[in-house]
Each structure stands twice: as structure tokens, then as C-alpha cells.
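What follows is a pair of complexes built around chain A, which joins chain B in one and chain C in the other.
So, the complex of A and B:
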């Protein structure tokens, strides 16, 4: 019994597996990104805008990256900070250290993240977006991101590059979101 | 009969069946044209009188030729044969006829026509009232149906999507093509949509040349250029069927309707198109001229005859007559003659009419009757003071053209009557929409194209783009002069609306009965209703009404149009969401673990929660639930409570903010402690309850009920952003981020001691209502709250959600000797009722803190949302309070929803003393128990009252008891 008590717990991914799921349809490859750490950052009254991990915090509708860290504008003086491959670290505490006086909240497991890449440039990404979200392509150019509705769910859509897209949705609804995503991609063929 | 030429591919033959008989056609045919090619004129029976009907049009306005397409689960009723592309193996059946299309027993209705007039149903089926729902309505529906559903689930897949463009061009006829070309060459993002499989619209139906060549050549050249423009999206087989707010257009793309089965493709896609500008170039619909017995198979629009001859290479008969009040009708005669069809005569109502070719002209004549039971054999013509019967198998009727301005009306824009054009034209237009071509009342091809170009140039200018008018082809000039003839006066029935069997007589009757405003006329006669929405009927009906009232058509006005332009399958509107994918499903972190344990799940909003965990040998859900309850109260139970809403509240003013939000004080809460909190609505009623944990001076985590997680978060954001923007407070939901488990029961502490990393859980170090951030299982960050919903010694333990499933498994494994038992929502509910804790049933939006026994929580030492209103007279005087209820006879059930009455009292609204909100079987008490609101309940402990359940005829004697059935002093949870 003693062994069990001190044995570390094993994480499961949002889709319920021990390893992230992947799928490929035509030129599109999509994968669950279970390594993405997330924390929200909000300025408090009187604090100056920080540059955590060297990130220039982006303005409305924008997303910016510096190394393995990235930031998405979420609202006035509010950002979602990403840390690639840092999901199982105490990312919120690390971020708090970079942003003294700001409000920081752990969000890593608040979301499931799906990374979508295209092997045929941006056309398949744009075609997929048209099936998924009501966002005009010119509002989702590379370096832009937004919160929007997808199949009655609230999601974050981030255009990381012309051929790369990230979808962040409710972790609990990961299976519904994955179904929507893979169904749409399969239909594009 | 098949003619020469046309746009059909004779190199391939397609086989199809209609009412079980085999026929053949060619690619390029519609079902209607293929049937005509096989000399089938009879295609359906009319709605009310079961009159034989044939095809009337060559487009989506078709009122008559409605068939059930395909078979089995794919059977689709009311499909317009004119809009179905022929495919190999197509199977169609006629509707509304029994036993056969040629001999329909219900045609007896036609003999009773004098009784079945407008308003017949309203006048006849009035008494007795109860008969309407049970007898009359089912009977009428059976007799007057338009097709039958297969009643099987739709086997096909449907898709949806979103498109954005600078310019949406609706209709790819002459005007639409010109508009799209102009805008696309200027670099605008353009979508060109047409309901047809082919581009060209009416150009394909006419013999007129463009640049001296057949119009199809010009269209083909354009298609090649359009295909090379990346900024132009061509959407064939796509009907733009509705205009909605903010320039959003609904469109259905029929992806696979032209195929036998969709295969791997979706059948249809519903597109929501957001267009900065749009050009409506939907063309026009030819109107007919009602005369006696004008509904026989073979009587059709003259323009449709032309379309069948020129595009589809068919004619419904070898000998055809034309009845016209327009020069345009003569063109049909010329085109048919060119194809070798014999013209019996052109009957032109205008005395001054001149023949345009070699055919017999009856100028100043009118068709006043027809013959032919299952198809037209002859028409009677009145001219020169006499009458004459002319034998013919088809009659083309040309009464002028009505612009297809439907979409311009979808935002309540009312068209205006244009006397010169003798048509309704768009008046006030929705923002961003322009109308061009025949839809704007243009007739000549050159003018139609020019108006498309002009509309595109205006749109480009609005968008800040510069464009140039393209070189347009040289067109043939054709005379479009005409004179309106709204109906041929005379006895007998002259049909105005074929689909609803509305005649000129019906309109006269409506007029006599004072149903004169057009809106009344429409509803009294059902004119313009059903699947064709009166596309071929509305204007003629208004004209007849105008004639009867002696008003102009302009003064008579018109009804407006609503979406959809043509029928849209509900499956398409549903966008393909069905079954398990009908709506998002949220799974708790321990879902997979619970499923592996054989848990039974229940939907709680979008969440799937474990309801109970059946064990071998348990044959009834009560066995499982009772076991889970008893095991928890005796040992320790574990329940996934992740679904409760969690909101992180930070900032210098977090305490002030929560003090204003909750009725009870929160600023005074010490760091490291939790407090139960009650939120009120602005009107003073109870809104939601939960807990508030203070992790630091400027950091709280509050919880909400599962059902109100979203609304409460929204309410908090509203308060933060709108009510008190001056406060320094930051909110964010963390519901999903943390998996949270209730660990309840006398062994809860012992169990947790086995997983925490050296954390002192003693009562002194971590008392009731304490909270802490700690680590468990060798360094995993976690949060622990000592709170209890069950009334037992209990904790809630939270870890990052990805570790939730492992934690649940670990707790059950390491607690086996302590009796660790997973429990579901049912046991959770039983235990909270036993403890007298309120939940959604009690917090139903109509109850107050005082009713809930929480009146003293509403602090009078501070202000909070709802506090003042909770003190208003009406609420303070409310006498009903929460009590416990126990059956006098332990075997009796307690039924939630039952109303409470004093013993011996007459049971009526005035003597109603309250109701039962929650009930369950309590394994602890050994009988059913309940919670309820009872007038003056606190003073009535021990009294026996009656729970009346009139729905099930139950009268049950209940004893009023305190609302705490277990541990009323709360000793266990503080232990």
C-alpha cells in the first residue's frame, strides 16, 4: 500500500489516452497537443505591461511568439500565455515570477489544444476554417487569433503560421471538438 | 416528345422510373423534361380537389409537378420535378393520389367543389370543439396531404460552413454573370451562386444569340475565365434562400443531389455567407392568365415551353397553342416552329396584335375553357363574338413577368407596384443589397447585362475598389411590349394558385366575406402558401382583388416574402448534427475510469455524469444507490464534482467585489478558510449558492452549482465590467482546469492522509471549512477544501484535470480497506436531501433566502446585489419555508411536485400550502423522505399534512420534520 501512496499519478490526455491522438486527412495533419502549458495573465490597476519570457504582448486579435512561449490577446489587458512542452511544470507560478503584481491563473488543463498543419500551404487550412468557424480569412491571418464559436462550443483559434492552425477548446468537450475537426477534415479529403 | 438540339448529352442514356414505370432520358435533363420527352404529361394531383396536374414551369417556381423522389429512408416528398437533375436509376413517385395517379378516388372532392370553397375548414369543422384535434384535423391532413415522410432516419450526411466575400451575386443569368465578371476582374472577393447546375440562367432557355452565336458559347467562354480567377468562387447547385441580419445570407449547396447516392460526400451543405455587398440577380417568373379549367396537364408558362424546347429539346405535345397578352408569347411560337412543333394558333388578347411569323394569330381573342381529363386536348377560344374549340396538347400562357425580388423582402422590405413595368419592383432595400436584371424589372438582355454591370460597379465603389465595365456581347433586340390581362372573366373555376387550389371564385368569395386586405386574403384562401410560396400566383391574386375592390394594385399592396426562397431540408438546416453529436458533450476527468467501472451516466446539461456504479448482483438502481450512500456514511465515498463551476477571483478589490456579489459577507473571510455563499438576483430572489475559498488576501476561488456555472460567471463579468468597473478585480473560469473530487465519510481523513505529501489534516490544523494549496502523491500540486455536501466529515480535493482519472483510481485503490466507494449523482442527491442541503430543485428562481431557511445570511451590515429587494413586503411576507417531510406510513412514497394541504382541507389553489421540491428513498432513515416548502413550516413540526398528487391520484399523509435527517447538530462534519 505504501508504494501506491507515494507513486506519482499518471496523466491522461484530454481525449482520454495516455498518448496524444493524431489524425491525417489529405494534406491536413491534426494532433492533440497535451504538452502545451497555459496560464492567463491580467494586468492589475497600476501595473505596467510586462514582457514575460521576452514576449511582446500582442494587441486585439493578435498572437505573438517568442521561442517556446506565445501570447494571445484575450481581452483588454488580458492574455493567454502558452508554454510549449511545459504542461507538466508549474507554469502559472513561473509566469507569475515574470509578471510581479499581475493576476495569473493556471489554465493548462482548462483547454484541449489541437495543432493542425498543412502539407499543401494555406489553402487546406482556409478550407478547413470555412467549415469550422465564422471568421473571415483576413481576420485570421498568420499571427492572429480569436475566441469564437464552433459547433456550439467556445474555442480559441490561433493561426500560428500560413500552414499551421491551433484550436483550443473546453477540455471536457475534447471528444466533441475532435469529432468536429476530424469530420470536417475528412470531408475536405 | 423529344426535339432536336438542346443542351442534353445524347451520347449517354439514363434509366429512371416514375410510379414504377421505366423510362429513359439524358444527362442535362430534369425529371420534368425527361417525363415530357417520354410523353408523360400527368405528374401529380392537386392539393384539395385532387385534379390531375402536369408540369407548369421549367424552374424552381413549380407549383404542380411535385413528386416523392428516391425510396426507402431517402424518400423526399414534394420535390419539384423541374428542379431535379436526372440521374441513373432515379426513382420518383406521384403524390396525393389513390389508388393511382390516373384514377384517384379522392377526385370526388372535385365534384364537391361548391362546398370546398375558401374558408371551408374554418366554417365547417367548428363543433364540437373536442373533435378538431382528434377527428377533423387528422382527417383533413389525410385527405389533403402533399406527400408523406418516410419516417425513417435520414441516412445522409450534411455539412455546414461559413463564407465571407466582398460581393455575393445571387443568380448566374445574364445580369449575375455580368455583375460577377465586373467585380471579379476588379479584384474583389466574389461569390457567384446559382440554384441551377449550369451557369447562364434564362440565356440557356432562349434562342437569342450573343455575338451572333448561341448564348451557351458566350457562357462557356465566361466560365473558362471565371475558373481562372482565384478571387471568384462559383457555387453551382446553390440556392441562396434567405437574407438575414447584418448581410448574412443562407445558402444550400446541393453537393450530391444529382447523384444516385452521395457516397462519401455529404448530401448538402448549409453555407452562411457574410457578404459586404450583394447583387440579387434572381431573374423573373412568368405569370399566367387564369381562365376556366386552366389547370390541366399541358397548360404551362409560355416561357417554360421555350425553355423545354431550346434547352431540354422537348415539347409536351406536337400541336401547341399560345395564349398571350405580350409580344413575348409570340417568341415561344417562333421558337417552337423552329423546332418543328405545330402551332395551333397564337391567341393574343390585344386586338392590335400582329403576327411575328408564319402561324395563325387570333388577335383580340381569349382562351376561356379547356378539355382533357388527364391532359389537355383542346382549348376554347372566344373571339369576334363567337367561340371556337382548338385542338392542342399544350397551351403556353404568357401574362408578363414578375421580378424575383423575394430576398429583397426578407428584411421586411415591401415592394412597390410599378405601373409602367406592370410589376412589383423592389423599393427600400436591405443595407448592402442591390437588385439587377430581370429581378429589377429589366427585360431586354442588353439592359439586363448593363444593370448587372452597373450594380457591380456601385458595389465596388462602396468597397473602395475601382472597376471597369467589361465589353458586353451584342444581343438580339426582341420586343417585350405587352398589356396586362389578369384573368379571363367567365363561369367555372379559373385557377390562380395551382398548388393550393385557389381560384378566382375563391378570391371573389374572400372579397364578399370582407377578407380584403391582402394579408387576410392570403390566410383565408391559403393562397401563396405551401412549398411554392405562390411564386406563380401572388400577383395575379392581388390584381383580381384590386379589380373587385375597385382599387389600383398599388393601393391593394402585396404581402411580403419570408425565407426560405425555396424549400430547405431540415437536415441541412440542422447542419448534420444528430445523435451523439447533436450537441457538445462534456466528460468529467474520471469519465473513462467510471465507464470502465460500468457506471450508468446521466446528462446534466452538457455534462455526462456518473449516476451510480452498479455492482455484481445489484438488479435495481436503488440497490446501487442505497449501497453507495450507506458505504459513504459508514466508510468513505468518492464522487467526481468537477462539474461545479469554479471562478478564480483576484485583485486588490477582490474582497469588496465578492462582498457586493454575495448576500453574506465575504471580505471578513480569513485566508485559508472557505465560506458557504448565497447570491441573490437583483429582484431579491435566491440565484445560486456555492463556496468561496480565500487562498490569499487578494485571491479567492468561488464555486457555483453545475447548472449555473456559465450564467454565474457571466453575471460576475457583468458586475465587474458594467456595475463596478472601478474595482481592481480579475476573473477567469477554472472549472475545466481542475478535477475535483468529494471525499466524504468518517474515513475521509484517513484516506486523504494516504495521498497528501506530509500535510497535517488533523482537526486542529485543518478544521471544518479550511482550505489549502498542497501537494499530493509525490509532488503534484493540489487544492484541498474541507467542505461537506453530504453532512459527513468531508473534503474536496482538486488536481490539474489531466490527473483526475488517476487520482480517482488511486483513492479507490488505496482506500479499499477503509471502504472507499465511488458514488454517483444519485447518491449525492440522496445524501444532500438527508442533510437538508438545498440544490437546484429548491433554488428554482422563485424562492428566497428566507424560504430556504437562509434569511439570516442576507447581511444588513453591507449592501449586495438583491439585498434591498429581498426586504420588500411581498417577499418578507412569504410564509412558506423549507421543511423535512416523512411519510406517516413508512411504506408510502414521497413524490416531488406534490402539493401540500392541511389534513381535511378542501384541495384547491386557495388552500394550497406549499409543495415538495425534492424526494428520495433514504437508506439512513429507512423510508422515503422529502424536502418542501410549507406555509409557516417552522411552527408545524410534528404536524401531519397531506401531499396531494392529482396526476397519479395519490393522497399521502406526511409528518412535518426538521430538514436535517442526519446529524442535525453537524457534529460529523466538524469531527
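So, the complex of A and C:
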């Protein structure tokens, strides 16, 4: 029988591998980000807006970062909080400690995150965005993000920097989303 | 068709689902006046022209909007958060 004390368990990534998948098309590099911790934050009536992990919670359509933490506006008085490299920690409990009185729900294993990086400035990112989502480019400038549809799936699109884009989607549709993303990137030519 | 979301700017109508007449915001007290509740549940105006409707930003920020729309020309005349409309009506009472 296996000795449970010496058992090493390796988490399976959203795409089913033991290591995150990567792909490269032209100047674009795409990679599954299996280390991203997520938790939703919602204000309750009468609570004041907190500043978890030193984050200034962004307004409508915006995204903001402070160190390894980031926040995306999801709706009136609702945000999605990201923790880079914290997926294997109890992120929701840590966030709840920063936001007394607010509603916090763990989201890490509900989503898959893909990070897209361009080696040739923002032009390839803008070209890819035009193929992926029906959002005006001035609504996805660096520091902005939104929830929208991509091939009938709900996704979160975050413009982390001029040359960096993140795509968060339903974990159960991870392979479908990865296929949509890599196919669009491959066809950019 | 583009809907001018008051918070997020112009968004594709495909991201929304339409519920119908914005008069649904004004629910009468069914115990005080059963006939008014019956009318509220079963009767709808179906105007050819300017109409106020409830739209839900399902693939977006999940907010309810009151969209003013011309049903003859499909022109969108404006949109505001249903929450603001409801709170204003509450304040006016």
C-alpha cells in the first residue's frame, strides 16, 4: 500500500497536462497560466470599499495591479481578484481577511487562464483582439479588461500591458477556448 | 445593433438578452389590488414606435438596463441602469 506521507500529488492543469501548455505563432506566444489564483469580491450593503492587498479597486471596464495581485471590475460593486502564482494557496480565505464584511468566493478552479505575449509590440495583440472579441480597441487599452463573449463562451479579456493580453474562460471549456485562441493566432499569418 | 451601455460604452446586442416591457419594474401590490396585479402579469403594451424595454447584459457585467428603442426603425435612443430607474421611481413616490 502507498505510504500517504510520502505521496507526491501533482495537480492536473486545466488542459489536462502535468505542465501548462504553450504555443507560438509568429510574434505571439500563448501559455496556459496554471498558477493564477482567483476569487470574486462583492460589497454588501453598508460595507465600505476595501483595498485588499494594497489594490485600488478599479472602476467600470478597468483592471489594476499592485505587485502580484490584480483586480478586474466585473460589475457594479463586484470585482475579480487575481493572485499570480498563488493558485495552490487558500486564496479566498486570504482575501476574506483583507475585506471584512464583504462576500468572497473562491474561483481559481472554475477558470482557465491563458496569457498572450507579443514580441513585436502591440500590433499583433490588436490584430488578435480584432479576431477574438467584438469590443472596440479603445475599450481594451492597457489597464482595461471586460467580460464578453468568444465563440459563444463567456470570457474575461484583460489587457495587462500594451504587449500582454490575458484570456480567462470557463475551465470546463478550456480546450475549446485554447483551440479558438491558437486557431485565430495561426491564421493571423 | 449596438447598445450604449451607461458604464461600458457601445456593446454588441448579442451580449444581451431582452426581457421586454420596462413597465415590469412597477409591480403593484397584489393583495391591495388583485386586478392591477392581473394586468401587470398578463397585459403588455406592444407599441409600434418608441418603447422602453428591460435588457440584461448576460455576457458582460450582468446589469439590467432600461433601453429606449424604436420598434419600427430599430434605432436605440438611450440606455440607463435599471437600478437607477427603479431607485428614481422609489424616490418619487
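Everything that follows uses one rule, which is that the second predicted complex is superposed on the first by the 181 of 189 C-alpha atoms of A that agree within 3 Å, B and C clash if a C-alpha of one lies under 4 Å from a C-alpha of the other, contacts with A are read in each partner's own complex, and residues count from 1 in each chain.
In the analysis below, a residue touches a chain if its C-beta (ideal position, glycine included) is under 8 Å from a C-beta of that chain, and two chains touch if they have at least 3 such contacts.
Just so it is clear, the structure is predicted and the values come from calculations on it, not from any experiment.
Asker: Examine A:84 and indicate which partner it touches, taking first as chain B and second as chain C; both and neither are also allowed.
Answerer: The answer is neither, since A:84 touches no partner chain.
Asker: Contacts for A:134 in the overlay, against chain B (first) and chain C (second): which applies, first, second, both or neither?
Answerer: In the superposition, A:134 contacts both chain B and chain C.
Asker: Examine A:60 and indicate which partner it touches, taking first as chain B and second as chain C; both and neither are also allowed.
Answerer: It touches chain C, and chain B stays clear.
Asker: On the A-aligned overlay, A:103 touches which partner chain: chain B = first, chain C = second, or both, or neither?
Answerer: After superposing on A, A:103 lies in contact with chain B but is clear of chain C.
Asker: Please indicate which partner A:40 is in contact with in the superposed arrangement: first for chain B, second for chain C, both, or neither.
Answerer: The first partner, chain B, only.
Asker: After lining up the shared chain so the two structures overlap, which partner does A:149 touch, if you call chain B first and chain C second: first, second, both or neither?
Answerer: second
Asker: Using the superposition described at the top, determine whether chain B or chain C touches more residues of chain A.
Answerer: So, of the two partners, B touches more residues of chain A.
Asker: Can you pull the chain A residues that chain B and chain C both touch?
Answerer: In chain A, residues 78, 134-136 are touched by chain B and also by chain C.
Asker: Where on chain C does chain A make contact in their complex?
Answerer: 7-12, 14-15, 59-63, 81, 83
Asker: Spell out the part of chain A that touches chain B in their complex, as residue ranges.
Answerer: These residues of chain A touch chain B: 1, 4-14, 16, 34, 40, 42, 44-45, 78, 87, 90, 103, 105-111, 130-131, 133-138, 151-153, 170-177, 179-180, 184, 187, 189.
Asker: Touching chain C in the complex: which residues of chain A?
Answerer: Touching chain C: residues 60-61, 73-76, 78, 134-136, 139, 146-149, 154 of chain A.
Asker: Per the contact definition, I'd like the list of chain B residues that touch chain A in the complex.
Answerer: Going through chain B, the ones touching chain A are 159-164, 264-266, 272, 274, 577, 581, 583-589, 591-592, 606-607, 642, 648, 650-652, 728, 730, 732-739, 754-755, 777-781, 799-807, 810, 813-814.
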